[in-house]
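Both complexes shown next keep subunit A, but they swap its partner, so subunit B is in the first and subunit C is in the second.
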Partner chain A sequence: MATQHSRSAARVMMAPAVVLLLGWMLVPLIMTLYFSFKQYLPLRGGDLGWVGLDNYVRFVTSSAFWPSVVTTLAIVGGVLLITVVFGVLLAVLLNQPMWGQGIVRILVIAPFFVMPTVSALVWKNMFMDPVNGLFAHLWKFFGAAPVEWLSQASMTSITMIVSWQWLPFATLILLTAIQSLDSEQLEAAEMDGAPPLSRFAYITLPHLGRAITVVILIQTIFLLSIFAEIFVTTQGSFGTRTLTYLIYQRVLESQNVGLGSAGGVYAIILANIVAIFLMRIVGKNLDA
Partner chain B sequence: MARAVTKNRKIINTAAAWAVGLLIFFPILWTVLTSFKTEATAIADPPVFLAFDWTLENYSVVMERSDYMRFLWNSVIIAGGSTILGIIIAVPAAWSMAFVPSKRTKDILLWMLSTKMLPAVGVLYPIYLMFIELGLLDTQFGLVIVLMLINLPIIVWMLYTYFKEIPGEILEAARMDGASLREEVLYILTPMAIPGIASTLLLNVILAWNEAFWTLNLTAAQAAPLTAFIASYSSPEGLFYAKLSAASTMAIAPILVLGWFSQKQLVSGLTFGAVK
Partner chain C sequence: MGQIQLNQVTKRFGSVEVIPPLDLTIEDGEFCVFVGPSGCGKSTLLRLIAGLEDVSSGHISIDGVDATETPPAKRGLAMVFQSYALYPHMSVRKNIAFPMRMAGIDEAEQNRRIEAAAKALNLTDYLERRPGQLSGGQRQRVAIGRAIVREPAAFLFDEPLSNLDAALRVGMRLEISELHERLETTMIYVTHDQVEAMTMADKIVVLRAGVIEQVGSPLELYHAPRNQFVAGFIGSPKMNFIEGPEAAKHGAHTIGIRPEHIAVSAESGPWSGVVSVSEHLGSDTFLHVHDTGLAESFTVRADGEVNFRHGDRIYMTPREDVIHKFDAKGLRID
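Let's look at the complex of A and B:
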């Protein structure tokens, strides 16, 4: 049905989007690669010539590198664990018959719409502040000494804030997936005498497999680059400097563009490894 | 065959779900409540929940003191502008991919998605440098462009998914009945596409409104949107809980409302159709 004419028209219609995205991808990427092979200090002499792979070596051998990798993995891993486990439990709970399901759903989803700077600041000041925060009041009420959350338990605090933001996303997607489960299957299993826990383990959980994978992959991509939550709480101190934050500091704070760019290339490679898996799943779905 | 549920079970479910729901929602509720307190009540020990003298003072102080309207206006322009521009560019692309698919359509879609995976910090300096060179630093226009490019893959994907669901037979039927191409587009395709375009618009306004990497790094005083305005409370001013709460409430209220409308589209939009 598609004629030669409509094909060329289709190409013209696609051109703006394709050209723009191609430019958006290639131009900065090539510039980052270019800078990464240079000694480039905008405020201290500017372009000081080619240095080969020096920046790449220096970035990974600096004392800040491995701690930042560990921090990144701990935050991503912690948030994934919390959001997936509680997301599954919440999805199962919200899928039960109850009164006011719609309203509960809204309450649960709400944090996802709060801008990152707001949620980070609200948690930092109104909950985690060691003097006036609600947690401090709660601790005192039970006779415990208030915790200085963002310095003494900085990683727990950041993980908690970020999990609060992403739990709604996981719940919503898992709930959507759970609703597509054929309830007759569960009923048949129930009639055959399968207890609730094995019904969950052998029917519900396998059904959610794909949705869980999608949640993990998409969240990983977003979590690898969380920024505002750290920017407004600890500024990367107390062991909360992630890879993203380290690169940000190298580039904009210490203005060592060459070094930061090499870090950026590492971050791009890391994100792409995750992306490949996500694209496979999405691509399969496209064929169906 | 509907399953009979005992009333007790339903009561337990309801209680458990409401308890969890309110717990998750509590930080937002607490922020809204605090925004109506005086600064003294806001840090009262023990904390006061509802029995305080409600005041609107914080809202008027925030609006007067910090030029709130300019930040709000920047957010509106940046979120709205980037979304509308993105849709104008994405509609023809998604349209042609949905109605005139070729062998390469799938590859193009996946490639577009892959540009979304590029970590922002990896290209921070090049963009920063280009912004300085082009005089775009701290301008609304610069941010509109960047946020449009960031969200363009999602916009194309969402529109493609919606357009794909418009059955081609309807177009053929219209053609048989003698509709011209202009009539076909105007009376048949457009009305069917509007719901899809509307939900794409909604979700992307939300994403752009809350974006907090580029908006924090590419703005200073002139073009800073609400994300940056709130971030400025992270130092000494953060101690004024009631005012922080009022500012936060104003920054998130419009998006919470929009968000509740877009729950359904959120899932297929953010998972690129992998979960529906």
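Let's look at the complex of A and C:
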């Protein structure tokens, strides 16, 4: 039992951390809210006073808003789908005993250590460049006209780049989960007459349920705010302007801090809506 | 039907030969128990029969048909694992239904068999629960239920009771024996608990390092162990072994006498020693006797009423007709 004394001591000890965390979260949040109700144009007159909900109305009614929401969701959904499906397959594959397992596992994990900016640049210049990229050479080798990836298939390209970065993460989590599967369960299913595909569907996949949920939730948090990959490739053109990118353009390119802040609040709302849906769909997997 | 025959079966893991060539026949309807010390290859042998491991050489036939290359599912055998291996995300009902679902048995028949199995195993109230919400004994019964509904040619059990507490073990032991009486299906049962082996088996197979030391009914093994290893392994407490001049008197290298075949008294007897520990079980008293000049330590099973204490000198009289004699190689001399 904590005594009165130790409890107050604990409070004093925790105070710095709590204050720091609160400041860390609250200051930016309050500033965002504060600016979102203001007409604030740093290069064109500075703080021009309160404007009520004007920024909010302008942000939603701008023709770029809904497409950006759709783009954001499409990228998040696409990347989740690719990483989960391929993550499960890779995890199953890497779990098989094979020669050079250690090295293969490290290689599979490697992309996760590459910074998003760098990996996007590598993809842009070395793979997707329509003149000198590897893909262009490949296409030419088969006699096809090279694809201008970032303009003709912009969404596919971005989804591909981001998936490549996140696949290791998904694979890693799913691999550890698959390793904890009791082999006797698989053997029991084998004796019960389940062919390999049924064993995968009835035993392995349900066992991975919780890990898949964790992958989906964690990735969603990060994917909702991807920025660097778009910044160094398409710069938001060709239909790749996500909500994050739109906010960036409002704040830095149009120098309209108030409007951008309102966008930031919408981003928070969007993230929460997505979170509620996700918890509805997959959250029950987390219960024991 | 479920006659299982192993013919010169061997198993190697890499260069280690776990099972040297081995022949064994298990008759239809028999309750056959594999016993042996840890690591002697009991589980491996069972898994070979199940088809979960491939034999390195030799043949396995089931009901006279060569099944060496048959995949596990097609052998018509059901296995109950030590860890139960229930499917954690399926309800008890779905767990039991799983093998029938895989076999494509129609729904009505599935339900009929599930209800029958649940009734026989006292699981009716738990059908909608998940395995995680059951006690150890209940899980064990679900695992058995899952095996029963397939109506297999033989059941394979790998130490099914080792995770249960002593009281539950006795209960489940009876239930499995009753199940065997009722179904009259071949059962192969792995254990290292020799009480389980003695009480349940029609036939005991004693293994040591993958080699069959003796096959026989529990009483055959008890009364006429083929060698010193079997003599020491079957029976509890363990048989006492005496070497040297005392054994020579009987014309043997080693003689063995079971603790229950020795009479004790405070006054006289051919052997004597000092009690180091006496364990009172109520019905019996186990006396551990030192300083006998015959063997390191001697165990005697005496009446529950005897009242010897630590340090008491006692006299022991063996029953001459049940002294087991072994030669220098440990083989029985008749």
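Simple rule for what comes next: the second predicted complex is superposed on the first by the 259 of 288 C-alpha atoms of A that agree within 3 Å, B and C clash if a C-alpha of one lies under 4 Å from a C-alpha of the other, contacts with A are read in each partner's own complex, and residues count from 1 in each chain.
Heads up, the rule we're going with is that a contact is a pair of C-beta atoms (placed from the backbone, for glycine too) under 8 Å apart; a residue touches a chain by one contact, two chains touch by 3 or more.
Everything numeric here is computed off the predicted structure, so don't read it as measured data.
Steric overlap between subunit B and subunit C is absent once the structures are superposed on subunit A; the two fit side by side.
In the superposition on chain A, A:Phe169 makes contact with subunit B only, not with subunit C. Greater residue coverage of subunit A by touch, when subunit B is weighed against subunit C, goes to B. Once the two structures are overlaid on chain A, subunit A sits at the apex of an angle of 80° toward subunit B and subunit C, using CA centres and rounding to a multiple of 10.
Applying the stated contact rule after C-alpha superposition, one finds that A:Phe277 touches neither subunit B nor subunit C.
After overlaying the two complexes on the shared chain, residue contacts for A:Glu187 are found with subunit B and with subunit C alike. After overlaying the two complexes on the shared chain, residue contacts for A:Trp66 are found with neither subunit B nor subunit C. With both structures placed on the common chain, the touch criterion links A:Pro206 to subunit C but leaves subunit B unconnected.
After superposing the two complexes on chain A, the shortest C-alpha to C-alpha distance between subunit B and subunit C comes to 5 Å. Taken together, the two complexes place residues 184, 187 of subunit A in contact with subunit B and also with subunit C.
Considering their complex, residues 2, 6-7, 9-11, 13-14, 16-18, 20-21, 24-25, 27-29, 31-32, 35, 90, 93-94, 96-101, 103-119, 121-127, 132, 134, 137, 141, 164, 167-169, 172-173, 176-177, 180, 183-184, 187, 210-211, 214, 218, 221, 224-225, 227-228, 231-233, 244, 247-248, 251-252, 257, 260-261, 264-265, 267-268, 270-272, 274-275, 278-279, 281-283, 285-287 of subunit A touch subunit B. On the subunit A side of its complex with subunit C, the touching residues are 182, 184-185, 187-194, 198, 202-203, 206-207, 209, 288. Residue ranges on subunit C touching subunit A, taken from their complex, read 50-52, 71-73, 77-79, 81-83, 85-90, 98-99, 102-103, 132, 146, 150. Per the touch definition, subunit B reaches subunit A in the complex via residues 1, 3, 5, 9-10, 13-14, 16-18, 20-22, 24-25, 27-28, 30-31, 34, 43, 45-47, 89-90, 92-93, 95-97, 99-100, 102, 106, 108-110, 112-115, 117-130, 149, 152-153, 156, 206, 209-210, 212-213, 216-217, 226-228, 230-231, 233-234, 238-239, 241, 244-245, 248, 251-252, 255-256, 258-260, 263, 266-267, 270-276.
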